[in-house]
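Consider the two complexes below, in which chain A is the common component and chain B and chain C are the respective partners.
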Partner chain A sequence: MNETTVGLVILGVVMLVAFAMLIGLVMLKAINRRRALRRRERHSRYVALISRRIAAKDTPEPIDSSTVVDDSFLDAVIDIRNVITGRQIDTLAGIIDGVGLARRQEQRLRSRFPLGRRLRAAVSLAEIGDESTAPVLITHLADREPEIRIQCARGLGRIQYEPAIEAILDRFGLEQPWVRARFADTLVRFGGKATWPLVAFVRANLRHDHNEGVIEAIRVLGVIGDREVGPSLAGILRVATDPEVRIAAIESLGIVGGPLAIRPLKYTFRSTDWRLRAKSATSLGHIGDPSINAVLARGLQDSNWWVRRNTASALAALPGGDELLLHAIGSDDPFARDAAAEALADCGVLAAARERDDAGQATDNDRLLLDYVGAGLQVLS
Partner chain B sequence: MIHEILRWAGYGTIIYFIFMQVYMIGLGLRSAAVMRRVHHLDRFGRVSEMLSSQTSPPVSIVIPAYNEAAGIVDSVRSMSIVGYPRFEIVVVNDGSTDGTLETLIEAFHLERVRIPYRPDIATAPVRGIYRGRGSFDITVIDKENGGRADALNAGINAARYPYALCTDADVILDANCLIGAMRRVVEDRQRTIGVGGNIRPLNGSKVQLGHLVEARVPKKLVARMQVLEYLRTFLASRPAWSQMGALPLVSGAFGVWKRTAVIAVGGFTTGHMGEDLDLTMRLHRFHIDNEIPYRIVYEPSAVIWTEVPDTLRVLRRQRIRWHRGLMTAVKDFMPMTFNPRYGKVGMITWAAMFLFEYLAPVIEFLGWISILVALVLGVLNTTSLVILLALAFGVGLINSLLALLLDESYGYFNSLKDTLRLIVMALIENLGMRQITVVWRIRAIFGGKGTRVWGNMERKGVANLDGAVQRT
Partner chain C sequence: MGDIKRVLVADDSDTVTTVLATALELEGYEVDKVDNGLAAYEMGITGNYDLIILDHLMPGLLGLEILERWGKEGHNHTTIVLSGVDDDRIAVDSLEAGAVDFVRKPFRMPELLARIRSRLPD
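Entry: the complex of A and B
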């Protein structure tokens, strides 16, 4: 074969591939459009059918069990499930049982289908599953596919299946960050039921070096916000050596609050690590006890920028804190002045001062603040 | 002698062409595998759960604005309702002379504040800072003019959150784009320093109240050609680069950056014509040189819409500017090219940028010149030339069709007519348009009047696309 023949053969193959792709694209477009249209039609039909069944339970129209293989039916069930309440949910559960919809999704989940179908099954079970599907969902918390693990946890959270808390926590420290973050969302859904298992998990794993699972678990405790967990968090703060773990504990203590939280936070507010001081300032502000105003005010002179800023924000949220901030505006410390000015703007004191000024009723403090804000920006280093 | 030179030039061109096409198709196929997975996750993965999650990291949206008075309010309003649990908007008024600042003050009831502004990155002087008292968190930095990069740096200085989305004043964010991008951050908060988004041309689409209502293919061929280009770039190559861990470019219109990482490399380079490319590559170099684990990724589901040039005049300016930006970057990062120390970035993606982006117009131009010379000398092998040109056409078509097939998973273009329009564009883009862009890029390389300055993009603006279907 000479060069021209080789070239022609290659050209032929390329053109054939291009032509096949072109035809494929046009056909795919046409098929996709048609399928979407038909799916919408079937979905509407199923929504109407299920709605009638729910509305008139005694005179049921039959729902053919063959519909179970149709994903439009599954979508219709999920859509309706999300808008009904009370007895209607029981009726829908009866329909799901009757046609074996959940069982089919369990089979799909267990199968060797490609990701798309198994993921769809996991999402469906997360939406329509009940306690009978919980064992399957727990099994698949260890699925090879991260997104399926997330959906299984979500489903278990939705049905509030308590034994799942331990199962989720068993995997918590092992999971990749994305999955762990979603598991954390699920644990938050369990609310107070998850508090003590989480505390036990943190205690058991606290001594491991920089355990991301522990950090996330402490954050979850804060989000759940069970006040009784305060002493445990204070204990964790005392024992932990990893700064990230301590930061998470400080953050959660601030959310959980209570008088018991103040002492450990005052202690960390004097830490040599600026990150701990900055987070402690925010947490002390969250607790909202004005008795700590004087302690916090010292943070306005801190050597670190974030500590000053967080301290000012915290003071702005505390009763009597704005007085201290206004006092800082008149101080010699430029860092304290700017941090205070920002906080006073954020909490509305600046706007109120402007309004009083416009009405000719500005106080000395108002003028001090307005003059300071009106002056040119001072760049800090 | 001249015959020998022409013969070897021919062989060289063919070998270069084969390498380039194998690389492009390889990237396309690898991207297809990545996109398939992304498609499943988009469809069933419920990424939107991040919306209600209290563990989602907060983001600062940084918008540089220079003389954007006409559209800035709509843009900010559109961005203020992007789906994400916690974010602030930082608009940087870069010394506008058209009343952009006054428009913002009036629309969002801004008041001048004093905040401890810390110039982690040096910028042109900041004149004042304003905060809004409305339903969303907005800060406006008023500074002296210093260019887009300088404005972005000022915005990063003022940002309060650990991640900053650097974007433009004239784009439309898809409702889920921030969730999509931040998902990649949550996947690995320690290492993720940058996330790029999927940029799509807005021209011709239906926009209402600053939101995309219906994606359509533009009527003007210049804009339509760019739809194909963007699809090839963002669907058929970046997913693969990202998966390799060697993304050389996070486009300026949408880039989520870790603040501390950007500050560590000194921010965006002021005056650079490709500041996005420059920042991405400097971050690669910095982290590899200092052996800091990191990753810069691309997220195809983070979709934003931007207006593209719809006249040859504006497109020419843009392409010359882009190529000059690339040239500066090639020069700056030459030590990384084909350097195994820089792993896949040095050996694959940056090497490919050098070979197939920087050198491509030169080689293609030389190819055309040698054809002309051969024709004049009467030594042109017409059959071989026709085969080669047809091959180039066919492979280019395969690349475009692959991108269109990948785009089908998004289903933005609903009508069959729009797809057919793009197919026709894929067939005709090699007949003139491509050659024109080669000439522009050659002009950028050899300089000349008007190639070393920024030109106005002459956008119509999101605000002016409002209402009825705007087709260009």
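Entry: the complex of A and C
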């Protein structure tokens, strides 16, 4: 055999293998397409079957318990659960219970299946589980796979299973930041029920540094927004030394609001740390009580730009605050004048002054503001 | 007894159309289903329906766009808009564009059926 013949044989073999692979790929795609089509057909059939079962007023159509092994049935149950609400959810729960769907997913979650199948089981339980499923979900909050831990926490949040709050908080300080953030979302779903366990968690875990879990817990308290937590947040603010913890407490106090939140915020507004003063200004603005206008106005003369900016923004949102900002425009302090002018522009006072000026109805304050802005901001320009 | 009432259910989710169609058929209505905005728009014109249930977010045309087109062309259908988007503006715009009702997803089936019945007198 000469070299040309050998080359031709090799080329032929390569082409044959490539052709066989191409045929295999095409067949595989066709098989997958057919599978997907059959899955969609079964899904539609199951949706119709469950819908008839839900809507039937007389004898309900039986559902064969063998359907429980079909993932299309599981998908149909989850899809319907996301479409309807009210008493029909109880009927759906009865169907899930009757065919043992949740039990099967629990077994899958406990098994040594690959991650994909166990994760699917966790996601399914997060969607269809009820209180009887909660113990399994709590156990798997310590699963080796973070995604499964997240899904279990999500499911517990959906079920609103109260004992799970402590279990989630037990994991809170141990988790990586991204898992902890998802756990925090879950705790928000518990609403007011999570408030006092969160406060207890913060008190028990507050340290001089490395307070990541504590900071997240304080932020969750703010998002939940239970006004009764104000004094507890004020207490945390008083004893905490980590500035990040104090900033989180200031932020949450601003969200929960109420008269009891004002005093600690007025105190931190005088802090030597500009970050605390800046955040306090924003939080005092959020509370929206015009009685603190005079206290806030002092922040316009602060040595730090962020404090002046946040103070001016807070005043712009408060009743009577624009009067104080206009007063600052006429002051001797160029920093206060700039901060006030920017806030008045942002909140629309400047635009209104321009409109009145164009209509020949400008007030003295309008002219003061327009002249100042017309001359250019003094410090920043 | 009156004629059988005809209802069009337009939603890109097969689950929603099947759940609604099943419940409506058990109530004695004749139901057609479509899964996109353009088909919904065309069937609304040609299908002679007594009531149309229209999803807002559909491929092809949005529910609101369909209502506005029908309005401009003089087709006055009894339409209930169904939406998973919790946006008051969409609700207000839909009602101003001619919808008789706006229902958010997930919905309570008995309530939705009652709303449909109230719009379809014998």
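Rule of thumb we're sticking to: the second predicted complex is superposed on the first by the 314 of 381 C-alpha atoms of A that agree within 3 Å, B and C clash if a C-alpha of one lies under 4 Å from a C-alpha of the other, contacts with A are read in each partner's own complex, and residues count from 1 in each chain.
Going forward, contacts are C-beta pairs under 8 Å (C-beta built on N, C-alpha and C of every residue); 3 or more make two chains touch, one makes a residue touch a chain.
The structure displayed is predicted, hence computed values, not measured ones.
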item: Contacts of A:A200 with chain B and chain C, given as first, second, both or neither; value: neither
item: Dominant contact partner of chain A by residue count, chain C or chain B; value: B
item: Chain B versus chain C as contact partner of A:A181, first or second or both or neither; value: first
item: Chain B versus chain C as contact partner of A:V47, first or second or both or neither; value: second
item: Partner chain(s) touched by A:A56 [first = chain B, second = chain C, both, neither]; value: second
item: First (chain B), second (chain C), both or neither touched by A:A93; value: neither
item: Contacts of A:E342 with chain B and chain C, given as first, second, both or neither; value: first
item: Chain B versus chain C as contact partner of A:D79, first or second or both or neither; value: second
item: Which of chain B and chain C A:V295 touches, first, second, both or neither; value: neither
item: Residues of chain A that lie at the interface with chain B and also at the interface with chain C; value: none
item: Contacting residues of chain A [partner chain B, same complex]; value: 3-4, 7-8, 10-11, 14-15, 17-18, 21-22, 24-26, 28-30, 32-33, 115-116, 119-120, 122-123, 147, 150-151, 154, 176-178, 181-182, 184-185, 188, 216, 219, 223, 305, 308-309, 335, 337-339, 341-342, 345-346, 348, 350-351, 354, 372-375, 377-381
item: Residues of chain C defined as touching chain A within the complex; value: 13-16, 18-19, 22-23, 26, 105-111
item: Of chain A, residues touching chain C in the complex; value: 40, 43-44, 47-48, 51-52, 54-57, 76, 79-80, 82-88
item: Complex interface listing, chain B residues touching chain A; value: 37, 40-41, 43-46, 49, 52-55, 111-119, 126-129, 131, 133, 183, 186-189, 383-384, 387-388, 390-391, 394-395, 397-398, 401-402, 404-405, 408, 411, 414, 416, 419-420, 423
